[in-house]
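Okay, got some structures for you below.
You will see two complexes here that share chain A, one where it goes with chain B and one where it goes with chain C.
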Partner chain A sequence: MKKKRSTVTGITVEYEPLWRRMLNCWPLYLLLVPAIVYYILICYVPIAGNVLAFKDYSFRLGIWGSPWVGMRYFEMFFNSYDCWRLILNTLHIGFIKCILEFPFAIILALLLNEIRAPKFKRVTQTITYLPHFLSSVIIVTMMQRILAPNTGVLNQVIAGLGGDGSTFWLMQASAFHEILFGMDIWRNIGWDSIIYLAAISSVDQELYEAASMDGCNRLGQVWHVTLPGIRPTIGLLFIMGVGGLLSSGFEQMWLLRTPGNMSVADTLDVYVVRVGLQQAQFGYASAIGLIQGLVGLFLVVTTNALSKKFTEVGLW
Partner chain B sequence: MKSTKRFLAAVLAAMMLLVCVPAMAEEQPDSFIADRTIVVQAYVDDIGYTLPDDFNATPTMQKITELTGIKLEVRYTPGDSDATVLASQLAAGNIPDVIVSYLDNSTRPEFPILLKAAQEGMFADVSEYMANSQVYVKYMEEGYLPDDAYNNITFRDDLDGVYLMQLNIPTTDTSLQYIPEEEYVGGMYIQKRIVDELGIDPTTINTMDDFYNLLVAIRDGGFTDDNGNPVYPLGPKYWGGSVDALNYITTGFNWGVKDKGDVYNIDENGNVLHEAETDYVYEKINFVRKLLAENLINPEFFTMDATRAEEVSKTKNSAIIADVHNYEEIIYGSEDWVPLGPLNDRTGSNAEVVSGKSGRGCWAISSEAENPEEIFAFFDWLSTKEGQMIAQYGVEGLSYEMVDGNPRLTEEALEHINVGDEDYMINQIGAAFGGSGNYFFEFMLTDRDNTVNYGESRPGASASTTFARSVEIAEEYPVEKRLVTGLQASAYLSVDELADVKVQMDLLNYNETLVQACFASSDEEVTAIIESFRAQLKSAGIERFEQYVKEVYEADPDAVCFYK
Partner chain C sequence: MEKMRGSGRIKTSAADKAVSIVTYVVVITLCLVILLPCLNVLALSFNDGKDAARGGVWFWPRVFTLENYGEVFQDGSIINAYKITIARTLIGTLMSLIFTSFAAFALNQTELPGRKIITFLITFTMLFGGGTIPTYIQYNELGMLDTFWVLVIPSLVSVTYLIMMRSFFDGIPYALQEAAKLDGCGYFGIYFRIMIPLSKPVLAVVGLYTAVNLWNDWFAGAFYMTSDALWPVQTVLQQMLARAMSASQQITNVADAIAASQNTVTSDSLKMAAVVITTVPILCVYPFVQKYFAKGTLIGAIKG
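Then we have the complex of A and B:
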């Protein structure tokens, strides 16, 4: 039997070979099968489709039979008039979604953790995460109604206060980022806070008692106990979030985009669908998708390395 | 004894044969094609929304099966747009026997996708079947098809066969004739009460100044909608906000030929130019900006969703609907709305521009389909006089009777149609009824001339009360017609030598740029937006395209639809 010494406790632990452990725990491994199949089929097999970025796709010949065109689509994209505008727009929105919105879920989790009335806490939590279950279509339609010129709630309030109630907010490029930010926060803050609440609940209660005895007030306990306690969770989610910096999300952008705000709302995700599906330029769209994926991978790897170096928190 | 038995057996066999032969002859009429099911994938939302619950159970389809042996399985997949679904399914390579798509002309977004599929051998070559057909053989006659359909769609030089058949081609070119029973009077409609109160004749509103002054008069007139709110002088299209409506409201500032929806034309020096390269773009934008600034137009004119657009029209929140036609219930259902204008184009004419025959839709047979000759024969039969009659009117004795050699809807059918009973038209009969019923049968026909063939422009037109107001409007507000020959310039973008330009040009969206400029915060921003678009056009290679069209036009001025 294989033996191995644990490096943490110094105690010698005896391990059985992997195949024997799998055999002994086969029901558990069986439960794992659907998840593995899901990841292989949905996440890994489509990666092979990236080869389209280097091929002139033919309906008849399919992905593998289509002729190679080398880096043509990449050159086309980087030489196109829209390229840098699209990249900048995507980075801008990626920054809002991944970086700017990031602390809000943590703040909500900290606030919820401080609520002492359990019923009020549960109701508040439910109300905050319910919007997550609404589809983007419903949310954007609500926004369109709320922000409509003259008849929208916002404009009516403005008009009621003596202002100009005819502003067409969704046609104003200058208001787009604020609208997106507000909508995104409202929709995701509750749902995103759940994971932090779970992490907070696992912080050792004795640390709070010790901090209290050392004279820490509640704010001090949050700062010196809670936040350091959930630092690994924050770190992991941040690293994964950074990977989405070059991805704005399609659905929401597609629905919010109007001719008036398209100078800032036209992003790579929208462009890929517009070009790839609507104009059947599958190779070109795949090339742009591949660029997004590779940049995302690079960002995750780099952030992970930096995080490990400076905070000892990392994905691997 | 043995020989007697043999004799009796032979007699019996002969008798059975004699009995069976006429029976077999009865089972297979002359129009019989094959005992099979044809699977059709439609990329046409109008077909999708009017599919019967069980296509083959409708009396119309049962009659067709009785005559041809053919059953149909028609599929429709909803999506972001029909063109997107078409592209996805062609890319996946899983098309059934037949595909049907919108295709008015070769400038439609579906065309490059269909052409790519045809070039890559996804469709069956039907040239042989066409030559031996009853109806489609006419497509091979010179001058039968519109030039665009002939040169760019069906008989392209760069295709080694015939793959795409355009649909709904009229038998004879009546495009210059004004036939009230058949006219779709589209464009702007104004509330009748406003016309009366202002004491104007809506047909005399023709110039851009007339139009602007009318909008101001409506705004200052204090008119309110059904909910008591002030009306917007100019509201969006009935079917939802869209930049297309600019064709009707800024007609005098449109650079392209009126009603053709193109943005190219030729200047006095013989140079082909995009509208964005001319000053007309600024005139158009500035006009809309003036309307927006003076509260003369609904600010959601370009973006309002279809449901709300319908609502603001029905509640009369729009004094003028930017675009609707006389066969929409809001128009024919009452006398509340009348046509406005039409406005003059930049040449000073308000005549509707036509370019001869036109088609609508297209179909193709998959190269993987079994016995494509049977499929072709079926759709060919469907467009014969007999096939069209069943497809449009249903079953004799059930939904129509023959009167003086022409089909006429029964009283019962007329009653159902007059009240818009969709279940009756789609499921209980399953015929097209002029597009009000099973739209598949309306869409899949060609070589059409209802007036000559059946003595009325559409089923029930001669007796139906439903569309009486539609015809009345067409009679009261006749439109002049004007012939400007040639293809839209953008049709020439699909030639092989401009493939790289087309790829880049397809990425540009002029309409969105226009709206963006209309909502710009300053004149400087408008200039910046337009200059940026001009730079994008140059970067895409528009000069090569314009030079190509110029050469085509110089060689044959009838080849391109420009103001002559």
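Then we have the complex of A and C:
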């Protein structure tokens, strides 16, 4: 639909000077004021505040008055004992979250789409969406109870099966990634499947009939019709996900961290809060945050470019 | 769609039957895996704390009691935290809906000069942001730390919801707006009399998402507050959890667990009661909005 200037004035929009068009739109600018003030104060000033990474911050002098230190904090970080351990931990967790967990919601959506009983389908959806409404704190509190040594449900099952039921799962570095993976799937699989279900419902129904005529069974239809039909959605969500490779979900890490699993649960996000907010090393923590942000931006832009080149799916 | 695919069939093949069976088995298992832990929490919350520490409470309380809930409600700091959480959720959601829909409406009007550049600048913040520390320092400069506003303002106008609303407005026939303009309706008139009344689905979905995020957030309370006077309830729970995590290091056997449950401030049953009380209110909103979910997410996806 092509929009034109109101016919009341009899003048089309192209011939009016910019200032007059802006003047005519003053109510719209007024409506935009709160959002613009918000984005400037809460988003853009902190983006400019990234210069903190190059400054020795003092509360008294403020960001702009504090002395420059050049690349000192970046050198400090890359020379530190923690550096590579943190990066590897972050990448490991990022890989689990962005790559390993990615297909599960798609699989659930495909399964739900195969269910023909509408009532059963609705109940299933309601149940699988439920964990999305629980906060990380609640979920970790529940897990702490369920995974507790001896008295936790998991250990009681293990003991019941004749095993040793005294493992303190949350203190085991070796079990950390499995716990994380389980928690994520448990929490997100239903919610993340909504978007794929919506995409599936917009696939052309005639394609299914045609496939059926050609002797395609249900599995074949999923493979030849549904999956290609939702490929753009899968692509978009994947590109969005890749940007998070280096920021692995602060909340979960912070809550699941125990002295026992610290060696694998310490990620860049956690480290930034630890040294930044808790130890007030603002410049140093900002430098690490800036690296994360830039790498994330680079990853999204690159994946998007590659995806556009090879599959014609892109965010912009 | 179901009808079309069902009636054309001559006979379901064995392979299709196998697909059906596998589908149902997997989906039912998943539902059980999601529900059973929740049932366990419920059972524990209604069970006597000392008794629960012996273990063996599954999906039904063994020694039934309402004491845990009573104790939670008697705790002054938890009641205070609830008040803050409720205030934050109501005020925050309302303000978000108002400001986000204002901006979405303005950016939806094609004749607005500069709308492309404003949209780009807003969307860009999704890809690159200020990071934790510069944000913290900005909140400090604005005098937001240790005030109620730090619980509300950070999530005031979210990019995702803004785009969702704008796309929804795109779907409202332009003829309606044009007719209103011809009748002498200004932008405010169009916004209040046409767009808002027609946008209930998207307002419901965005409202619910915002409310859930505000209700569930513990970060602001934990890191932007130096005193616990303004802690929302999730932060109170998080501090309990943190204490439990550090205290539980020493517990390695049943005797210790029982001793600990008698000595420490909060037994697990009490904690589970707090978990239930904290979760139920937000879950109550969910059925009312569920029907809008698929629609809302799809809109966001296409234009996202």
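Operating definition for what follows: the second predicted complex is superposed on the first by the 271 of 316 C-alpha atoms of A that agree within 3 Å, B and C clash if a C-alpha of one lies under 4 Å from a C-alpha of the other, contacts with A are read in each partner's own complex, and residues count from 1 in each chain.
By our rule, a residue touches a chain if its C-beta (ideal position, glycine included) is under 8 Å from a C-beta of that chain, and two chains touch if they have at least 3 such contacts.
What you are looking at is a predicted structure, and each value in this text was computed from that prediction instead of being measured.
More chain A residues lie in contact with C than with the other chain of the pair chain B and chain C. After overlaying the two complexes on the shared chain, residue contacts for A:Pro149 are found with chain B and with chain C alike. In the superposition on chain A, no contact is made by A:Phe77 with either chain B or chain C.
Of the two partner chains, chain B and chain C are each touched by A:Phe168.
Within the superposed three-chain model, A:Leu197 lies in touch with chain C and out of touch with chain B [touch as defined at top].
Of the two partner chains, both chain B and chain C are touched by A:Thr258. In the superposition on chain A, contact is made by A:Ile189 with chain C only, not with chain B. In the superposed model, A:Gln279 makes contact with chain B only, not with chain C. Of the two partner chains, chain B is the only one that A:Arg60 touches; chain C does not reach it.
Using the contact criterion defined above for the overlaid structures, shared-chain residue A:Leu108 touches chain C, although it does not reach chain B.
Comparing the two interfaces of chain A, the one with chain B and the one with chain C have residues 57, 62, 141, 144, 148-150, 166, 168, 170-171, 258-260, 277, 282 in common. For chain A in complex with chain B, the residues that touch the partner chain are 57-62, 76, 80-82, 141, 144, 148-150, 166, 168, 170-172, 174, 258-260, 262-263, 275, 277-282, 284. In the complex of the two chains, the chain C residues touching chain A come out as 1-2, 4-6, 8-9, 13, 15-16, 19-20, 23-24, 26-27, 30-31, 33-35, 37-38, 40-41, 44, 52-56, 58, 99-100, 102-103, 105-107, 109-114, 118, 121-122, 125, 127-138, 141-142, 153-154, 156-157, 162, 174, 178, 181-182, 186-188, 191, 212, 215-219, 223, 234, 237-238, 240-241, 244-246, 248-249, 251-254, 257, 268, 271-272, 275, 278-279, 282-283, 286-287, 290, 293-295, 297-298, 301, 304. Those residues of chain A that touch chain C in the shared complex are 1, 3, 5-8, 13, 18, 21-22, 24-25, 27-29, 31-32, 34-36, 38-39, 41-50, 52, 57, 62-63, 108, 111-112, 114-116, 118, 123-124, 126-138, 140-142, 144-146, 148-153, 156, 166, 168, 170-171, 186, 189-190, 194-195, 197-199, 201-202, 205, 208-209, 212, 217-219, 233, 236, 240, 243, 250-251, 255, 257-260, 269, 272-273, 276-277, 282, 285-286, 289-290, 292-294, 296-297, 300-301, 315. For chain B in complex with chain A, the touching residues are 80-81, 83-84, 87-88, 90-91, 93, 109, 112-113, 116-117, 120-122, 243, 295, 299-300, 302-303, 305, 503-504, 506-507, 511-516, 519, 521, 535-536, 539-540.
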